[in-house]
Each structure stands twice: as C-alpha cells, then as structure tokens.
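Note that the chains take the letters A, B, C and D in the order they are written out, and that residue 1 is the start of every chain.
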Amino acid sequence: MNGSSLAAVAPELLRLGVGLLALVGFIAANGMLLLYVERKVAGHVQRRPGPFEVGPHGLLQAFADAGKLVGKQLATPAGADGLLFWAAPLMAFMPVPLMFIAIPFGENLFGLQTNLGLVLILSFAGFNVLALCLAGWGSNNKWSLLGAARAVSQAVAYEIPLLLSVLAVALMCGSLDLRQLAGSQGGWPWQWNVAVQPLAFFIYFVCAVAETNRAPFDLAEAESELTAGVHTEYSGMGNGIFFLAEYANMIVVGCVATALFLGGSQGPFAPGPWWFLAKMYLLVTLVIFMRWTYPRVRFDQLLNLNWRWLMPLALVNLLATALAVKLAG
Amino acid sequence: MPELTSRLLLAMPTGDSGRDAALHVKPRDIRLVAERLLCQDWFLEDVCGLDLADGLAVLYHFAHWTRPGRVVVRVMLERDKPECPSIEGIYPGASWHERETCDFFGIEFTGAANTTPLLLAERLDPAPLLKRPEQRIPRGRVWPQGEWVGPAGGHSLAEELMSICGEEGEQ
Amino acid sequence: MAILTAPVQALAAVWSMVVGLRVTITNFFKPQETIHYPRQEVPPSHLDSFRGHIELVGTDEDPAKARCIGCGLCAELCPSFCLKVVAEDLPADPTVSYESHNGADQLMPRPKFKAPPPSQAQPRKLLSYHLVYHTCSLCGLCVQNCPAGSLRFSHDVYLAGASRGRFEFDLMERLRGQAAHGGPKGGKAHA
Amino acid sequence: MSWPAADPCQGLEGDLYARVFAEGARDDTLILNMGPQHPSTHGVLRVLLEMDGEYVMRAEPVLGYIHRMHEHMAQNRAYVQFFPNMGRVDYLHALAWNWAWAGAVEKLAGLEVPRRAEYIRVICTELNRVNSHLLWWGAYLLDLGAVTPIMYAFEDRELVMDMLQLITGSRLTYSSFRFGGVLTDIDTEFVSRCRAFLKRMPERLEMYRELVTGNAILRGRLEGVGVIDQMTARRYGATGPVLRGSGVGYDVRRAEPYGLYHEFDYAVPVHHDCDCMARYMVRMDELEASLSIVAQAIDGLPEGHCIHPDAPRGKWRPPAGEVYFAVEGARGKIGVYLASDGTEIPYRVKLRSPSFSNLSLFAEIGQGTLLSDAVAILGSLDLVIPEIDR
C-alpha cells in the first residue's frame, strides 16, 4: 500500500496518527518545560535562583531529572497489588494525548475535527480519577488509600460545576465543537467569551485547578498531611509519569480555557497559534504562581466550596445563559 | 527508712530558692492535696524524682497563673517498694511526667491508665537516675531549711495549704 | 442576614487571595537573596565572628611556638573530652611568663579572678596538642579559661571532609604551618 | 511482578506502643502511624492515630526517639560544663535554656550579674525568640501547605543569626551565657546591625500579614480548630503562646520576673479564641513585642562589665541546697530544678520543658478532628522534639 492510496483511503486516520505522534512530543516537551518553569517560578518567588547548575540557568535541568527518574529502580511495595500498582501511572498518562487531539491550536492546527470535541476531552479527563484511585488502592499503604479517597470525592464533586460552566458557553454558541467555539469569538479581549461569561470562567478556573490536583487543592497528594498521598510508594519513572500527566493535564485545562473563554487562536493584529499558546501558558503560569502562594484547603472545605458555592453559582449561570439565549435568539 | 509520719509545712521567702512553700505529705494524701490545689487554680509544672539517702522522693511543682511563686509537694517513698498514687485523674498532664519518673527512677505510680515507658525504650534495672549508695546524700543537705521544723505561720499561702492539710488529715 | 453577609465575605476571601498573589508576584521580580556558593561567597564581615574549631596562639617572638604552658586546664574543663594535651615538666624558669599580653584576652572577657592551673604552679613544656573536632561542641570553655591566652577560635567556615580523621587536628602542627605561611600572627587576635 | 501474599500484614503486629494502642480500637477503624518520619511532626515525633475515615478517633504521641538523657549528663559534669547541653535541648530557643541554667545556678549560689550583662541577655534572648517564632511561622505554613513563607522567614532569620553570631559565635546551638554574665560583650557593629534589623522588620511583618495572615484559606484552616479551653490548659500545665492563645496572660517574664525584664515596657499578647488562629496571632504579636524589647534594650544599654569580675570560673562548688528557676521560652515556661550537694557536679537536675506539657494536650484535643486539623493542631503547639525528649 503506498502513501497516496493510504491518504485516499483514510486521510482522517493519517491526520490522526500524525497528530497523536506530534502531540506526544508536544506533551513530553511541555512536561519538561513546565517542570523547569515551575521550579524557576518557585525559586524566584522565594528569592532564590531555582535550578541553576545544569546548563545555562539550569535550562537542561529537566533532562537531568528525566534521566535520573528513568535510571531509578522501580520498587513495588510489599503486599502491593503489582498489576494495579503499575497500571495506575500508565492509566494516568495514556488518556492525555487523546484529550489533545480535539484542541484547536490554530485555525487549521488540530488533530481531529469532531463536533463532540468538548465531550471527548471531558470524558477522557475522567480517567485521571481512576488512575489515582488505583494508585492509592494498589499501593497497600494507608496514606495512599486516604489520598485515593480524597482524590475520588474531589474529582467527582468538581467535575459537575466544571461541566456546568462549560455548558453555559456551549449554549451560547450552540456547539460542542471546540474549533467552532473558539472561532466564534473575536480577536480583542472584549470580544472573548470571558467578557460575557466572567462567572463561568471563574468557576471553570477554580474547578480546573481542583481537577488537576494542583495546590491549593492538591489534597490527594498533600505532602504535609498524607506524606505524598497516592504518590507515596512510587519510585523513579512511576512517579515521573504521574508528574508528566499532571503537567499535561494542566495544559489541557489551559487549552480548553483558552479555546472556550479567551478566544482561542484569535488575537489582535495577527491571529494564529502563537496567541493560543501565549494565552494558555499565561493561565498555566497563574496556576503555578497559585501553588507557591496559598496554603492548602482542608478536605471538607474543598467540598463545601464546591457544593455550596460553585455548584449553585454554575447552575444559576447556566440558567441565566439559557434564558438570555432563548430571549435573544 | 523514710519518715512517713508528718505533714509539715514550711514557708520560705520568694526568690530565695524559687518556691513559696513546701509541703511534705504521705503518699496516700497526694491525691487529696493535688485535688485541692486544682480547685485553687494551681497548675502542675512538673513531677521530679529525687534519690536521697532517706529514700526516694517525688517532688510535685505547682505554679499559678495569677500569683507568683510555686508550691512544692514532697512525697517520700520507701526504697524497697517505691509506689505512689498517680494524680493523672486530677491533672491529666501529670501522666507523662509520672511515666518519665517511672522510667528514670523506677517509681510505680499506681492507678495510672497507661504505664508504658515514655522516654526509654524499656525499663532499665537499676533505673538510670538512681544513685549509687555512696553517692546518696541525706535530705537535710538538700533541704536544709526544710527539715520538718514545724508549721510556719504568717505566710498566707502557707496558712492556706496548712488548712487544706488539716481538714483532710482528720480522716 | 447570612444571605447578605455571605457574598460580601466571599468577595473578601477572593480579595485576600489576590493580595497574597500580589505579594508573591512582587517578590518574583525582586533580586535574589541566595549566594551562589562556589562562585560567590558570604562577605567576610559576616564570617569574622564565626567560631570554628580552636587553634593555638603563637608567642610574639616566635609565631610557630605556642603560648601554651601545658597546664591542661582546657582538657580538664572540656565537657566532651575532645582535647589532649601532652606536656612534660620543666625546671622552674623565672624568665618564662605565662601571662598573656593580648590574643584571646580581647576575644574573651577577662575577669580579675582567674582560676589557677589545676596542678602545676609553673609552666610545663608542651609536647603535643590534639583536638578531636567531631566531638567538640564549641562551648568556648577552653578559650575562656586558658590562663596563658593560648587558645582562640579559628574562622575556618568552609571546613569539610569525607573522613573522620579530617577533623582530628594536631594543633601544634597547624600553628607551625600558619607561621610558615604567614597566617594570623600570634600577636593579633582577630575577633 | 509479584502477586501479593494471602495476608501481606501477617506477622506485623507493630511494636509495644502500637499493640497497647490497638487494644482499645474499634474493629472498623484504621490504626495509622503518623511519624516518626512524617513531614509535619517536626522531627522524630510519632503519633499513633485511630482513624475513622479522615476523622481522628484517638491519638497518642509516642516519644523518646531522640531521648539523650540530658538530666543524667548533668549529673556527670561540672556546672559550667552543662552549658553546651542547654543549646541542644531546644535548639530553636537555645538562649532561653542557657538563661534557665545560668539563672538556676546563680540563684543557688547567690551570684550577681552586672546590669550590662543582664541587658545583653535580654537582647540575645529576645532576638533568639524572634528567630524561633519566625521559624515556627514558616514551618507551620509548610504544614498547612504553603511552601513560600518559610523562605521569607529564613531571609529574616539569617539576619538575626548573623547578629547573634557576633555575640555568641554560633548560629544555632548557642552556649554563650556564663554564671555571672555572658561570654562576649556587644559592640557597635552589633548595635548598628540590630537597629537596621529593627527598622526592616515592621515592613516584613506587614508583608507576612498580606501574604498569609489575612488569607481566607488560612483563616478557614485555623479558626475554630483545636480549641483549648482554660481548664484543659490548666490540667495539662500548658504554658507560653498555647496558654496565651486561650486567653490567659501568663508570662513568666511578668509573673515571676527574672533578669531585668521589669524595666521594659511591652505588652503580653493575649488572644481569647482558644483556637489555632489565636495561637498563631499570639506568636505574630509576640514578634512585635520582642522587637520592641530589643529596641528598648539597645537604646538603654548601660556601661559596665559583661561578666561579673568575681564570677566563678572553671570547676567550682556552689553551696548545697535546691533551687527552681523558670524563664519564658518561645514555647512556654522553661523550668530548671537543681539540687546541689555542694560538690563540683550537680546532684540532680530536672528540666521542665514547655513542649512536653503542651504536647500532652494533643491526645485530648486531637480527638474527633480531621487529619488535616490534627496536623494544624500539632503545628500550632510549636513542638521542638529534642526538647520534649530531652
């Protein structure tokens, strides 16, 4: 079978394959970049240099870390369920590239055109919970188990307002296709959805931080309470993959926020993927700054915040949006 | 043999040795005294063992939030069978102090809920802070003024504690 | 009432988060406090007062010769038994004075009352002076109580070693080395 | 890949403490060992927890992991040789312990301390208290999940340590007090650095307030958590900021004045909420109080000796007798009971450490809290484990 016939048979499949490969590269590169950025931000916030020794200003530190993680022994704790224990990090990472394929980085830069892009991302995002649950259960460690219990109730709770806030935007545009959603906004900030739906954006942002288990909502990990929660028993690349998945998830939620609320690749003067990336990285940096600023919330407060504030607000917001769309339409 | 008969009170000027009054009680009365001290809002600073030629002593230091000085309650125990009632039920904070004293001096505090070693991994024999016989000194040397000279009047705190002792002692 | 106050409280809470973020972001752009050790070092003014292990002080005439009179008071006072002084008796020599002139006196307060050397009324010849630094707790009793002013703290901040032996010093040898390299002169106490 | 054995925990019944603790446990609860290597037990404290989900049903601290028997060491060395130990009992407020030991022996032997030495003691001890509270602040927020504050605290701590190094020569385990005074006098360099520090701190404290104290998350974590009422505090003998957070203005510097503290004008901060936030606020206010004492002491520093000319040196014999001396440490009331038989070495030394009594509270107030609250409560007690274990 030659290339042209392949293209003739399944152009969509080819695009998907190439897209997936490119995305895995993108994720790996981003994992390293964000690791570096996180440590640099932490360093500078704390008035110290951060990584500095490997490469100029520690630029190559991420490679050194990756090499170290790969080289470490993978230890399975005594009494742990080996299958579940090692399935967990894989399960945390594998859905991540799939989430990227529906993200429109630019007008024509995307992996897969589907009118259910948003649904696809949200459904694959749910896998992360399963991974943490398995990691906690499979570790045969009481701290991990507590972490897993926290992770599950946290993720289950926060997915609802997340969905509701996203739905409000989808209702406005009448579509679940991320490309269409992004394209429906203008280039200038006041033409973005965030100007129309500030509350939905706020709810989405808080939920996204909680969904990705980032501080101040990093309760599943909570190193000062649960030692490291679900990650306690993971060594070497087991831990590394969790990290990679965490950063990839951060990028996914950043990308979705950019596409939904911040105009996607639209931007003043010269629209294009750079605008998309710039906005996405800005959001991710904000999340990183938050991690180095706030104390961790308590578990019941986390759930209270969700059920008592975000849920009702998201519902009211959705209703108001529906009403407005109906009236305007 | 330790003298276990008298409960005498001695008042000393504050600042001289860091205490206002010293009270010698029999082991069986320590709970009564502790209870009365708690009623009068004293709190327990520490429980301290002391190995003397006359036997083992347990010193309870009590201090107060609103009045200066402290009260020492001294209990003399027999060396062969050092047993003292626990005041953990009155001052729960005493529990750890008593366990520590038990670790260091081998003094049993009867009636305590938890008697596992606190600071040492196991009971040592002899207990680590016990002196060798030739090192021990008589109590008169450590408490030169406190050698049972009789009740010291004129000191309000001393009078007060004396009255506690008197009432309870009739039983 | 709660329905009115709750949103206000929520907004105040969100505002407190913004204020916190402002602090970290301002600090992000401030210069670093860290000193990149191998490339930069702490300014010497911050190291002068550092007390490293003790060292012997040479006499004014011969910086390679310690003022020590071998009385052994330092070794006797040391709480962790980390000093070993070996000395032999000298015939009484009125010309040898063990009054110190400066040195440790300026580093340490000098009371009028001074403990006499424990056993010897007269100086002895110092044969060797060993310090086992890994048990030293730097309390300063030896320096404070040296009747001859022959001890002081070094300022060796960057002392590091991979073996225990690295921290066992022959202080007489060290003094000779210092004298040969023109290190701190006996007469100068650098406090 | 290895499949788990039928019962992986077979033969692992735990040690004596775990077995004793598990005797009273319900069937459906989890016995959890928090420590001795847990990140927020600050050293080597172990707390046995019986957990029902995230709720702590029962808690029991297990001590002794770094027990060094300081009291026995005291009975084997001359009075002055015990000074280095004091810096190691509580390494965060070493000078208060220095003072407790020096004060006890001075009281026993009736030694006089020159005014200048008393002032230097006040200055160093208060600076050391600032240091201790700053570290507590940073470490406590680390417990609560905020990583950055400890770095800011260390910036200021570094300045204090530089200053204290000028006087004491050490940076952490000071042993610079002597009977009848202090080892080294303070110089103009110290005074100028100290003034610069005093000038800098209000601004920093304001930053701390903005970054953390006002933060909604922190308030949510601390308010109403770990309530210690006054009766509990009394029955357990709690002292220091723990007690002052429960609304009792008990401070040894006021209640049983020692040194020249009566010459200084400062407030004893008291908060009445009895919760973790009250203890937090007490310590933050104490930072300011300590700084004000230092400022007054620097301004009014008298001339004179830094150690009494007739102070005993080396090994010496105080009179026989017994004495109890208490000082206010950063964690509470530090007490030294000293019995002397008139020889060169003490007959009996008992060290009353404040954290010991404060921690014994935890078994009671930790009950029924969430695990996160247990961490917050443990941190709010400001534990220094070497001091508890001695």
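Here is the rule we use: a contact is a pair of C-beta atoms (placed from the backbone, for glycine too) under 8 Å apart; a residue touches a chain by one contact, two chains touch by 3 or more.
No experiment lies behind these values; they were computed from the predicted model shown.
Of all chains, the one whose mean C-alpha position sits at the greatest distance from that of subunit A is B.
Think of the whole protein's Cα atoms as having one middle point; the chain whose own Cα middle lies nearest to it is D.
If you average the Cα atoms of subunit B and of subunit D, the two centres end up 26 Å apart. Rounded to a whole number, the gap between the C-alpha centres of subunit B and subunit C is 43 angstrom. Averaging C-alpha coordinates per chain places the centre of subunit A 64 Å away from that of subunit B.
For subunit C, the set of residues touching two or more other chains reads 17, 20, 23-24, 27, 33.
Not a single residue in subunit B touches at least two other chains. Residue numbers of subunit D whose C-beta contacts span two or more other chains: 148, 152, 155, 211-212, 215, 217. Across the assembly, chains come into contact as A-C, A-D, B-D, C-D.
By the touch rule above, subunit D contacts subunit A in their complex via residues 1-5, 8-9, 30, 32, 38-40, 51, 53-54, 141-148, 151-152, 155, 211-212, 215, 217-218, 220-221, 370-373, 375.
Across the complex, subunit C meets subunit A through its residues 10, 17, 20-21, 23-25, 27-34, 36. On the side of subunit D, the complex with subunit B involves touching residues 16-17, 20, 63-64, 67, 69, 71-72, 75, 104, 107-108, 233-238, 243, 248, 250, 255-256, 320-326, 333, 335, 337, 339-342, 347-348, 350, 352, 356-357, 360-361, 364, 389-390.
The part of subunit B that touches subunit D in the complex is made up of residues 17-19, 38, 41, 43-46, 48, 50-51, 59, 61, 63, 65-66, 68-70, 72, 90-93, 95-97, 104, 114, 116-121, 128-129, 137, 141-144.
Residues of subunit A touching subunit C in their complex: 41, 44-49, 52, 289-290, 292-294, 309.
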